[in-house]
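Below, chain A partners chain B and then partners chain C, in two separate complexes.
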Partner chain A sequence: MLSLVLILIASFFFTGIIIRTKSISSGRKGPGIFQPVKDVWRLFKKGSVYSETTSFVFQIAPVIYFSSVVMAILVVPFGSTKGIISFDGDFIFFAYVLALGKFFSIISAMDTGSSFEGMGASREALYSMFAEPAFFILMGSFALLTGHTSFFEIFSTLHLGSYITYALGIMATFVLVMIAMIENSRMPIDDPKTHLELTMVHEVMILDNSGFDLGLILSTGYLKFAMYGTLIANLYIGELSLLYAIPAFFFIQFAFAVSVGIIESFMARYRMSHNPQFIFALSSVSLLIFLGVLLVLGKFV
Partner chain B sequence: MIYLYLAILLSAITALLFVKSTAKGMVAVTMVVVTSLFSSIIAMTALVGNEFQILLAGTIPFGEVSLKIDALSAWFILVINFTMITGVIYGKSYMKPYAKQRTNLTMHWLSYNLLHISLILICSVQNAMVFLISWEAMALSAFIVVIFESYKADTLKAGINYLIQSHVSILFLMLGFIFVAVKTGSYDFNAIAEFSHQQPAMAGTVLFLSFFIGFGIKAGFVPFHTWLPHAHPVAPSHVSGIMSGVVIKIGIYGILRMVLLINADYATIGYIILFISIISGVYGVALAIIQHNLKKLLAYHSIENIGIIGIGIGIGCIGLGTGNELMATLGFMGALLHTLNHSLFKSLLFYSAGNVYQSAHTMNVERLGGLIKKMPHTAFLFLIGALAICGLPPLNGFISEFLIYGGIYDWLFSADLISLIIITFSILGLVAIGGLAIFCFTKAFSIVFLGTNRSPSTSSESESEMSFWQLFPMYMAGALMIVIGLFPSVFLNLLIKPVALFTSDIVFNPNLPQMGTLDSLQKINWVSAGFILFILAVWGIRKLVNRSKVIAIAPTWGCGYCQPNSKIQYTANSFVRTYTKLAKPVLFIEKDETEITGIFPSKKHYKTHPYDNIERILIDIPLKKVAAIREWFVFLQNGRLQRYILYGIIFIASVIVIPVLIDSFLIILQFLNHL
Partner chain C sequence: MENFTTILNNQTIPVADIPEVNYATFLEMNAGFIISSPERHCVNYFGYPVQNHIKLICCIADDNTHNIHVSSCLVNPSDTLDSFTARHFCFEKFEREIHENFGIGYKDHPWLKPVRYAKNRFDQSKTIANYPFYSIDSDELHEVAVGPIHAGIIEPGHFRFICNGEQILHLEIQLGYQHRGIEQQFLDKKNLLQRSTLAESIAGDTVVGHTTTFSHVWESLCGIQTSRDIEFSRTLALEMERMANHTGDLSAVCADIAYQLGNSVLGRLRTPLINFMQEWGGNRLSKGLIRPGRNQFPFTPELANRLTEVLDAYEPDFVEMNKQLFQLPSALSRFERTGVVSYDDVLSIGTVGMAARMSGLRRDIRSSHPYSLYPEITHEPILKHHGDVYSRVQIRRQEVMQSMQYIRDMIANVPEYIEQEPELGSPEPNSFAISLVEGWRGEICHCAITDNSGELIQYKIKDPSFHNWLALALAVRNNEISDFPICNKSFSLSYSGHDL
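So, the complex of A and B:
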């Protein structure tokens, strides 16, 4: 329950901080931190335009996309408190329920019959497919390290052994940050602020969405960021008491948002054809974590 | 009871011969339903623990034939019955346009029923000879139902390809059975068990591998899969559905039966099955993505799903071999449940493809599009099937894949270094299969059903939804899939007995760390239901909010371009282009294109034809070599009668002369020895 509330709070300011960081680093004043939330609220109040090519898939897809991310959030724990749902192997459920949302966002883009949206859909399908092995190997390594297979038990027992686990935590942070960037279609995989539809991934998929649906899709993006931020925070706050854990949580979310902003300000997007290589490299980092776990457990002897 | 059944069956067959062709389908439905009813009653009681066994009196060639339906057979019989029933109901309507071909239809429905009965027999006989005869009956009747449109050259070619490969499969089975029969003098299955228990485990492993190749050809494991993508697309759609849904599963049944009978080194065979299955899974889906023929795409997905089932069996065997009870349970349970799941969603997908074919008259996805508006039911059912085959919650595919993942992660805790590496590859394989499947089915669904028609010239008025009776069996399969997704524990309870057959004789190590995945499924029950409710709630809110809003309809936003047409849409080929480039080393795509030259180039064309690399290396190239050797002797067949008479004379002369020559040679040899 606690994690759900905290993620909701974090999602309110997360994207605002990213935008704020970007505007400060480029020397602009920029909008207020709550501007993205206000945008969504405005969209919720607007009417919508639907393409005559679309079918019921286009109408239901944003709803399912949103619901799948909410469902995934329910699984995420907060330090030593469980998520609302927790069972052995829940991270498999987490990944697959997110994939369901992805499935619908892809077919809804294809539903419009637009060549641009098809292009975005094809890219999104390919990139998110490549990102999944990294996540499963990462969670597998932690499962091996802790002897548990649910998010809650993994995170709450991660640092009971030795301090080397913090080093693994840092590598895992890198992997999770990058997965978050891929899943949210951010730099260096995708540039949300580009002006050319040909070079977009996620933004071009939702060209035809408007009104309430677009609001749902945008808020899903905010929630997703906060969700990955919570996973990262969980790598560190394992056995801390709530008194320290909650400030630590907000600090980590803040640092994550600022670093996303900084990455977006100072990095260029990769060439589309280089993205798959980059995402493959991510899997090898999680294999490194796996080897690290083997070292900690002394399986090499 | 058996006499009653035989009486009904005989009268139905007689009826089938004489009724008019529109009624033949109805008779076939009756026959399948009756067969299913009788066998299901027995199977149901067997599944809850009362094994059914009768001993038929000894006859000359077979000896005593024992029929036994234990929990494993019962599970497979129930799976077979369900899909055979949906298949025959669907086929009855599907075959209506072919009503003129009277004899062909009679043959088709007779073979369909023979196929059904032989499948049930295969699941229940305990005698190698009768087993092989049923197996042959199954292979032949499947061949006949596949080549219904035998006047098409492609169909016949694919059918014969299947026929030859299924006989290669029988060859390996015979090898195994005869080997045991020679050693023990009995064809009974118990003899196999006794024989392998007397031998060292290594002998059992070799024996198992012989059976595995035989059954593996039928199941479609890579590299024995090459018949499958040819045979499935050419068959009528209900036949493709049952071929992919249940006929290839009989290979899985065979493998599981042999695991039960043969006392082998389970860990070793587990590793072998796991290795082959991961390759099958990844290779199947990797090729499925580049297919343009919808049914061929689905056929390659069958190979992928056989791979997933195989991963489950492999995990289960390794669990048996290493004494890890939970791992064995999860592996076999996942494999058996996925067998059911795959038979449901794959038959559903093939039936949907059949609907598409009947309305659009093409299977080439590049010529389809926008069918969701004309065929909303078919599109919805295909979507359900696509979600399930990708293993997405809250549908049934997720449950079985979750069990198999559970088995792998459970193995993690008791593994040594080598096993850990294998685990890593298994997880990577399973994840890659899942991701690629999503990629493939987003493509298939959106190109076929979404957007607008990609070749408006071929669009006709005939594109409309199918009749109720054609959709009804599809809804049956779809409903069962949702029920499994929402209430998995009901089906897992049914699976306790079949799985116990594998695990009951093994001494397990109770000290191994375990994780309670079976309990997690109880929670998944609630989570899935909650998930659906939540979607409905958000949908309701959306409805409520949008009620007072202005909702406008406009053309798709073309980024400023205001003359869009259907050709501007993304095609299947462009959707997978990046993937095709990345996977180039594995794939083999024939290209046929003309270069653009000159200032005013003439009309150009560009054609791609995806082909199977393994088939090229394993089948086509060796065949070419054989053909090349044959070429050397082609001068013998020159059409001149005189020459042929000469061959006859040469043959007769050599028959007479060669023994004489050998004799005289021996005499000379003796003479030389005497010197």
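So, the complex of A and C:
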């Protein structure tokens, strides 16, 4: 329960901080931290317009997309408190419930029949596919290390105590940050600010969505960011008491948002054909984590 | 008698002095000028009605001798002719225009499609909604149609891609949505102020370029010698326009690769330059600054001091930002080997300006047919050889520095303004005048022809974008479709300049 509340709170300011960081680093004042939330609120008050070429898939997809992320959040624990649902192998449930939401957003983009949205859908599907092994090797390694297979048990028994485990923690943070960037279609994979449909990944898929549906999709993005931020925070706050864990959580979320803003300010987006290479490299980092775990457990003969 | 006459930039000659030859000679001669002579190119080839015939006039510029060879030919609108294009592709757009405007047919033109659906086109049954797009029938390929409504805030144009997955096989660019009938309006509007304003509206980002060209044509037709302070203002304004637009384009290129720092810093740097133009002439885009025969806003030593201040503040930031940009690996990986057009291609399609110099083709009117104060500057064009996005942004960066040096040298010695009532007179009757100016995008050519009362009967405009759009279509072939925006921005072509 605690994690759900904290994720909701974090999602309110997360995207606002990214935008504010980008504004400040380019010498501008920028909108208020809560502007993205206000935008969503404005959209929620509007009706949706549906193209005549779309079917019911297009209309139900945003809700499924939103609820898939909410369901994924339910299994995310917070330090030593469980998520609302917790069972063995729940990280697999986590990954595939997200994939279900993504699947619906992809077929809803295809449903519009627009040549742009088909392009975006194929890119998004490709990148998610490449990012999947990295996530599973990472979580699998932690399962091996701790001997448990649920998020809560993995994170609450994960002790970073030796040099090797510090290295593992840093690499795991890197992998999770990058997966979060890919899943949220941020730089350096995708440019959320562009107006050019041909270079978009996620934005081009939602070109036809409007009003309430668009509000749902945008708020899903905010939730997703906060959710991945929580996973990262969980790597570090496992043993802390709530008194320290909650400030640490917000600090980590804040640092995550600021670093996303800084990455987006000071580098160019990758060439589209370099993206798969880059994403695939994440799997190699995950493999390193796996080897590190084997070292820690002394499983090398 | 020779088959052509040779004139210089900004020269007026009687129409009767242009030799009229039969079409076969006309074709052989003009194609012969260009084939295997990269130093020559066609600056304008157009027709205008003479009684029941169409008179074709072809102007070939020679960069080495600084001459322009002009020849003419009388044909019937119902004729079906051998095309120049079959000999050399650089005539392709000109012949399509002649075909569209007068209905002259061509036997062996490979791509006889409408250019811009001009209002006074010959065949009114052809409409922009029924453009004959090239298509490939295949299950593996897909078409992506972009426009005509632009996703951002710029002008309308339609782009039709044929793609194999992410890879572009073919791009066809269809323009004409911005057509306003400028050439016809030059004939309809009799007032000089109206015509000057029209020249300003040809392309909103090349106000100085087009008004200078128009002024040169007009002054040449009227036989006016302009004083040094007028030409000083024009040269200065041309270089300022170049700096401002190049800076803005570098900023926009950064936006297209999602490099926020470059986008915001370079975008900010453009502002003081155009604000200075407002201080000088009351308009940020230099509208109203340049008028035939007169110096509307004399450049004073006080303005020179202000400009020095502006440039002193601009230079360190521009240099530092470019140093950052050209060292950033993620930016370089987007620029290098993206959107390549080879030397042979730019030569054969006849691109001008930056779109020629990027591939090592030396096309720069400032050095080949100097006008205004350029004979004193002895301009050396900046050439690159790879023809990719990187070459185009490098040219911009270096041309900004070059223009800045020219401006600093010029304002060290501001000519005195002598107030005098401009004597405009009236244009010579039965004359032909041509003027070439290197705008920031490339070569601008205006031609004017007068009747026996000195009234304009033809005003022909060629904006650099006229040819350069095809270079963009070639550049994106075999590139990723997601690299199209950066290729497009690196050319930064004008829709209205093309559509007229």
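The criterion applied here is as follows: the second predicted complex is superposed on the first by the 295 of 301 C-alpha atoms of A that agree within 3 Å, B and C clash if a C-alpha of one lies under 4 Å from a C-alpha of the other, contacts with A are read in each partner's own complex, and residues count from 1 in each chain.
Criterion: a contact is a pair of C-beta atoms (placed from the backbone, for glycine too) under 8 Å apart; a residue touches a chain by one contact, two chains touch by 3 or more.
Because the structure is a prediction, the values reported are computed rather than measured.
Student: If you stack the two complexes on chain A, which partner ends up touching A:Gly27: first (chain B), second (chain C), both, or neither?
Tutor: second
Student: Could you say whether A:Phe103 touches chain B, chain C, both of them, or neither, answering first, second, both or neither?
Tutor: first
Student: More chain A residues touched by chain B or by chain C?
Tutor: Residues of chain A touched, chain B against chain C: more for B.
Student: In the overlaid three-chain picture, which partner chain does A:Phe174 touch, first (chain B) or second (chain C), both, or neither?
Tutor: After superposition on chain A, A:Phe174 lies in contact with neither partner.
Student: Identify the partner contact of A:Thr194: answer first if only chain B is touched, second if only chain C is, both if each is, neither if none is.
Tutor: second
Student: With both complexes overlaid on chain A, does A:Phe278 touch chain B (first), chain C (second), both or neither?
Tutor: So A:Phe278 meets neither chain B nor chain C here.
Student: Could you look at A:Phe254 and tell me whether it touches chain B, chain C, both or neither (first, second, both, neither)?
Tutor: Neither partner.
Student: Where does A:Ser265 make contact in the superposed view: on chain B (first), on chain C (second), on both, or on neither?
Tutor: second
Student: On the A-aligned overlay, A:Phe12 touches which partner chain: chain B = first, chain C = second, or both, or neither?
Tutor: A:Phe12 sits against neither chain B nor chain C.
Student: By the touch definition above, which chain A residues appear in both interfaces, chain B in one complex and chain C in the other?
Tutor: 115-116, 118-119, 122, 197, 272-273
Student: Can you list the chain A residues touching chain C in their complex?
Tutor: Chain A residues touching chain C: 22, 25-28, 115-116, 118-119, 122, 187-188, 191, 193-199, 264-274.
Student: Could you list, by residue number, the parts of chain C that touch chain A in their complex?
Tutor: Listed in rising order, the residues of chain C that touch chain A are 142-146, 151-152, 165-166, 254-261, 263-265, 268, 328, 330-331, 333-334, 338, 480-485.
Student: Which stretch or stretches of chain A touch chain B in the complex?
Tutor: Per the stated touch rule, the residues are 44, 46-57, 60, 63-64, 66-67, 70-71, 85, 87-90, 92-93, 96-97, 99-100, 102-103, 106-107, 110-119, 121-123, 125-126, 128-130, 132-133, 136-137, 140, 143-144, 147-149, 197, 207-208, 211-213, 216, 272-273, 276, 283, 287, 290, 294, 299-300.
Student: For the complex, which residues does chain B have touching chain A?
Tutor: Residues in contact with chain A: 369-370, 372-373, 376, 379, 383, 387, 390-393, 398, 401-402, 405-406, 409, 412-413, 416-417, 420, 423-424, 427-428, 431-432, 434-436, 438-439, 441-443, 445-447, 450-452, 513, 515-517, 519-520, 523-524, 527, 531, 534-535, 538-539, 542, 545-546, 549-559, 564, 566, 568-570, 574-579, 581-582.
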